[in-house]
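What follows is a pair of complexes built around chain A, which joins chain B in one and chain C in the other.
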Partner chain A sequence: MHEISLHNVKKRYGTITALDDVSFDIEKGEYVTILGPTGSGKTTILKLLAGLIEPNEGEVRFKGRRVNELCPEERDVGLVFQNFMLFPHLNVWENVTFGPHMRGWAREKTDKLGRQMLDLVHLFNRALSYPNELSGGMQQRIALARTLTPGSKIMLMDEPLGALDARLRVELRYELVRLMKGLGITTIHVTHDQEEAMTISDKIMVLRRGKIEQIGAPMELFLRPRSIFVANFVGESNFIEGIISEIKDSFLKVELKDGLTVVVPSVDGAALGERIVIALKPENVSIQKGVTKGINHIQGVIERRSFLGTFVKYSVRLETGDLINSKVLTLQKDKTLEMGDKSTVSFRSNEAVVYHHPKDGVRRELEVE
Partner chain B sequence: MPEVSLVGVSKSFDSIIAVEDFTLKIEDGEYVTFLGPSGCGKTTVLKMVAGLHEPDRGEIWIGKNPARGIPPEDRNVGYVFQNILLFPHMDVLGNVTYGPRVKDWPPQKTTELAHEILALAGLSARSKSLPKELSGGMQQKAAVSRALISGASLLLLDEPLAALDAKVRAELRNELKRIVKELGLTAIHVTHDQEEALAISDKIVVMKKGRIVEVGTPEEVYLNPKNIFTANFIGEANFLEGKAVSGGDKWEIEIARGLKIATCNEVPAGDRLVIAVRPEHIVIDKGQRKERNVFDGKIEDVRFLGGLVRFEIKIENNLLLAVKAPFASFEKFPQIDDQMTISFDPSRVLVYKYPERGMASELALE
Partner chain C sequence: MPGTNNAFRRFLTSRWFRRFWYSMIILFFLLFVLIPSTFVLSHLISGWDKISAEVLGDGQMISTISNGIMTSFKLAGAVTIIDFIAGLPMAWLLNRGHFKGRRYLDTLIDLPLVVPTSALGFSVALFWATPGGFAFFFNSPTGAITSSFILLMLVHVAFSYPYMVRTLSASLEEIDITYEIAGRTLGASPLTAIRTITLPLFRGGIVSGTILSFGRSISETGATVLALSIVGASQADGTAPVLIAGWRKLINEGGSMAEKYITASAFTSVLLIILALVLLTLVMIIIKKFKLPIKKVWPAQEKMLSGRIFKYLRDASSNIFLILAVLIPAFFIFIFFFRGLAQGNSLAGIDLAGFLNSLFASFLIASIVTVVNMGLGIPMAILIARKKAGTVTQPLDVLINIPMIIPSTALGFSLGLFWSGIGGGLSSLANADFLLIVLAHIAFTYPFIVRTVSSAISDIDISFEEAARTLGANPLQVFRKIIFPLAKPSIMAGAIMMFARSLGETGATLAVASTAVTTPVYIVKLVNENALFEAALACIILIGISYIILMGLRRLSSGK
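What follows is the complex of A and B.
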């Protein structure tokens, strides 16, 4: 039995379709992130699950049972928002035990749970502090503890780390997963940060314009993105357009803009003379100084070099006119390449992913806003 | 032209010290970022440069002139905020030309200038659009254009990308840098995002609790941070505590009984030290055994990061080390409990004096 399902759900706000025929299943104890640009429908899914809104069509199911008409209090889910929303006039302890208190739970049980949750977020020593005496990271941990105290087994989190500093966000995201996994909670976490989604999820659901583009494990989305949009949104990708000049076994020979050819894996339904798009992760593009020859070697000139810490990112203007990014581990730099250097980029055939040319063009497929 | 100097600048609000003894020189045409956690004083410094606050002590110089007493509108600076403040009822062109119109500039010159700036920002086609018809990224570019039209040669950017989606943010940061460089401006950009700072800065000013921790190029602050705080705040680092046990020209630090780590930095024997090693500077040994800093361990945690895989590896004495390696370097994806040999070059071992107030307080972000 699936813990949570959406079955052919449609949701409209006036004339705007927020969700268009969305279906998915989430299993007990899974940590799932919903990833997508602003306005893609992420929060709408969360609200449907929380019972804050009802679908126009389709079913929301918990453990196989339809819950469309169930109000939020009857669903037993915990909600965490980007803005911490602690009661400013209550101290940490009063905030954390607020839910059980309102439900009239026995004092002993409430105390025990409150203590346990504050220990989990390492803040029992701040039980008597007021929210305005705590840092942002602490406040969000308290908000989390408060949501966990009533013992819900489903947690819905809307950009829970969005209001925090970049560095703190990284620390807290690992803490979040540890906490939820440790308590056996099924978690749905909305984010627009692909790195966050990649590092903490069992499954990522990529949304775009109210539809699911792909659901899968992070590695699956990274290595086998089903669409150009996913290839670009999860990690990043270079896109090169070309025309199929030869089909041989499971590989294609593709002619690029100025007659250069590359060899890439085939795609279902590939036809001779067809226009296609090749996606390449910058991590899989090597770069050498000067001119080197070989399969999938293309010459160009370095237009930009950015130091990103772990990686150095080179943007190379190819002979074909395309701009291609290559990310090289800083550790590996034996020869430093500089702006203006003539260089050769290369890639292994099987690291490219090939798509049919989209009818509205590649740019349109990549739009994130 | 605007070089900016701050000398001994301090500022308090009520009893809270926001900025203390801040001294920095920014060269003409430099793109400088102030990087630090919330509440470190970076925005306060920016506002003092803009003239929105006056320092309690110290002096700010913009170009050859002391700035004290000069009102914001006469400082020739452009200011861009995190929240994009465009007039909603005016189109892009109207927003961009607002300042000059209020100042009664000749309309023709104003319009020409606006079109030039909009072209530079890649917004020519959208000059007749209302803000709500534009994406967040475009709105922020319109706001930058508006800040620049009055001929400001110093651009102050206060978390200009923070309100945007991650993906848009990464694209727009390169655009910002390009615009600044093409116009030959000096820019100060406040951010808490270390990757953003690394990607676009000529110089990064790392701040903590109202003070400068260090100043350097992205390469300097990442590869050779002078402080433990910087090593931790920018990128990730493994920190280990130990004692120097050097002899002759070989420098080593004893982490635990019998567990020594070699470094290229000279360390006086007996000193209590902290070493830092970046996870991606630790390599997975595949048979080619190195001589120094080689450890056998077991995988405790493995996480797919995309281009990289991050491991936590337990070596002798139950020490846990984070290691990052390119995903493409594995034929088979490693699993928890797999054995692994790791090593790192002594030149990659950063060495620090043990902090007086302890590690926790040194690393604290908040």
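What follows is the complex of A and C.
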């Protein structure tokens, strides 16, 4: 039995379709992120699960039971808001014990839970402070504690780290996973930050324009993105367009713009003469000074160099006219390339991913709005 | 000539000019609003001998005054409580309800605002206290209500209720509904979420609603006088403002007792002002400090009360209250008039020229007052909302409310004293009465525009203004391009309230100039002469014209 499922759910606001035929299953104890650009429908999914809105079509199911019409207070689902929404007129203790209080639980039980959760987020010493006296990070942890005290086994978090500064965001995300996993809670964490999603999830759901593009483990999404959009959104990609000139076993020979050919893995339904798009992660593109020849070697000129710390990123203008990014480790002092240097980029055939050419063009496919 | 134009503009936006301008705004407020309104307080010291001799020494007088004041405060208190209890669910319905006719309901609430209070009081009293009104359905030979106090309560509720609902619903709108939603996801039933989260965040709205409702009730003169005369009660059973209006008439007639009545009016005004200030301050403190019993939760019971049936019951009863206690009584006058017309009543009592003159005077006064206060109140609103007056801002923000809390009769009396006491007084001027009335109306309507606009402006994120400034706009342009368009609905709402308040006011008008005849005064006179049918016609005409003007203003505010 799946802990949470959406089954062919549609949600419209007037003429806007916020969710279009969304289905997924989430298992007990999983830490799942919903990743997607702004406006893609992430918050709408959380609202459906929390019972704040009802779907126009389809079913929301908890443990296989349809809960479409169940009101929020009966779902026993915790929701952490992006701006925390700590009640400004209540102190930390009153905020954190709000849930048990609402359920009319006994005093000792409520106190014990409040204490336990505040200890868990290391803020028991601030129990009597008011929300406006706390830093952003503290507010975040109190919001978390408040959502945990009623003991819900499902936790929904809407960009829970979005309001924090970059450093804190990175620190707290591991804390979140540790807490939720420790309590055996099934979590759905909404974010638009692909790095955040990659580092903490058991499973990522990529959402775009109200539709699910792909669901899978982070590694799977990174290595085998099922669409051009996912390839670009989950770790960036280079895209090169070409035409299939030969099909051989599981490989394709592809002719690029200036007649150059490369060899890449095949794709289902590939046909001779078809336009395709090759996606290449910058990490998989190597770069050498000068002109070297070989399979999948393309010449170009370095247009830009950016130092990223561990990596150096080169942008190379190829003979084909395409601009391609290459990320290489910052170790090889001796081989540093300069802007304007003639150089050769190369990649291994099986590290490229091939897609049919999208009918609206590559650029449209990559748009986030 | 762009050169001079620029120099002029630089002058207008210079720091020096701005300081000067702010000082002028504050000065205006002090000289034309605050000091005249409270001037009578000085009488307590300068005229103490007279007070102790003519008033305190006269047991009869003392008991008249204390009766009047008791009635005023009992009435205002009861009315405020009723308004709050009936208004809260209505404000909720207007804000958080999801139903088709919400916009119409919204307009219905405002409808009584277009009815000048004296006309409204007349209509409500006719409905409840004459055999042809509510009692008609029961074939009763007398009116449904015979107690003058209960009748006054019904009258005051009808005209103060819209102010309460409007204020509560405006402040409710500002509370982020996400707090309530957060409460629900944490397991609170709808009722519990409202009680423990929204209500405590809502104190500011409750305080302003109380002040408005209470202030409106304690000020009202015209409606009270009319209701009393319809139920056949002696004016001496009335409220303190009714007493002052009565004395004012006697003062004008002159005679040996005139001096004594002036002293009595002054003393009563002082008492009204001080008591109203003290009481409302106390209420404010209590509401701010009072801890709602949010610690206790009854999950099962509150869940049941959140249920569909109770929600329907609540919504239905607030609608029934609106219709039965406010709308039907307020507009009963139309039925009364047309029934009279069908029965062939004559309109002999109406003196057309006099009536038209009064109409002209009323609308002229209301228009002047609205325009003047827009010009002088909006800068004050900006001053307060943006804290431009430094440390003076906070006290100003409080002082602004005073003319709203002071009973308008006391205010009018005080203002009359102030202006006639200066340099031989305005009374030497040809149109002194007219000018005095305008000044009095300016003083008591001023808070309406300042309050509404300043709260609207403080809601506008200052970042918009900052952005405009960094883009090169000067303060005047910022006002024209940013503040004005964003605050326009509130500015218009303030203008509508001022206009309606001025048009309906009887007490302050009578207190500064008892011979002047505005329409509300004219209507009071007709009723006192028992020319009810003619009075009804006058009311209907007044309502009709107000309605057209207010709809016009509203269209202005919704259009471009």
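General observations
Quick note on the criterion: the second predicted complex is superposed on the first by the 365 of 369 C-alpha atoms of A that agree within 3 Å, B and C clash if a C-alpha of one lies under 4 Å from a C-alpha of the other, contacts with A are read in each partner's own complex, and residues count from 1 in each chain.
In the analysis below, a residue touches a chain if its C-beta (ideal position, glycine included) is under 8 Å from a C-beta of that chain, and two chains touch if they have at least 3 such contacts.
Because the structure is predicted, anything quoted here is derived from the model rather than measured.
Partners chain B and chain C fit side by side in the overlay (superposition on chain A). By the touch criterion defined above, A:38 reaches chain B but does not reach chain C. Judged by the touch definition given at the top, the superposed model places A:150 against chain C, while chain B stays out of reach. When the two structures are aligned on the shared chain, A:219 is found in touch with chain B, with no touch to chain C.
Aligning the two complexes via chain A yields an angle of 80° at the C-alpha centre of chain A, spanning the centres of chain B and chain C, rounded to a multiple of 10. Touch criterion met: A:85 reaches chain C, while chain B stays clear of it.
When the shared chain is aligned, no partner comes close enough to touch A:106: not chain B, not chain C. When chain B and chain C are set side by side, the one touching more residues of chain A is B. Contact with neither chain B nor chain C is seen for A:16 once the two complexes are overlaid on the shared chain.
Minimum Cα-Cα distance between chain B and chain C in the superposed model: 6 Å. On chain A, the positions that touch chain B within their shared complex are 37-38, 135-138, 165-168, 192-195, 198-199, 218-219, 222, 233-236, 281-284, 304, 306-311, 313, 327, 329-331, 351, 368-369.
Put simply, chain B touches chain A in their complex at residues 37-38, 135-137, 165-168, 170, 174, 192-195, 198-200, 218-219, 222-223, 233-235, 278, 280-281, 283, 303-308, 310, 324, 326-328, 333, 365-366.
Contacts from chain A toward chain C in the complex involve residues 50-52, 71-73, 75-79, 81, 83, 85, 87-89, 98-99, 101-104, 146-147, 150. Chain C makes touch with chain A in their complex at residues 176, 178-179, 181-189, 192, 196-197, 200-201, 295, 297-300.
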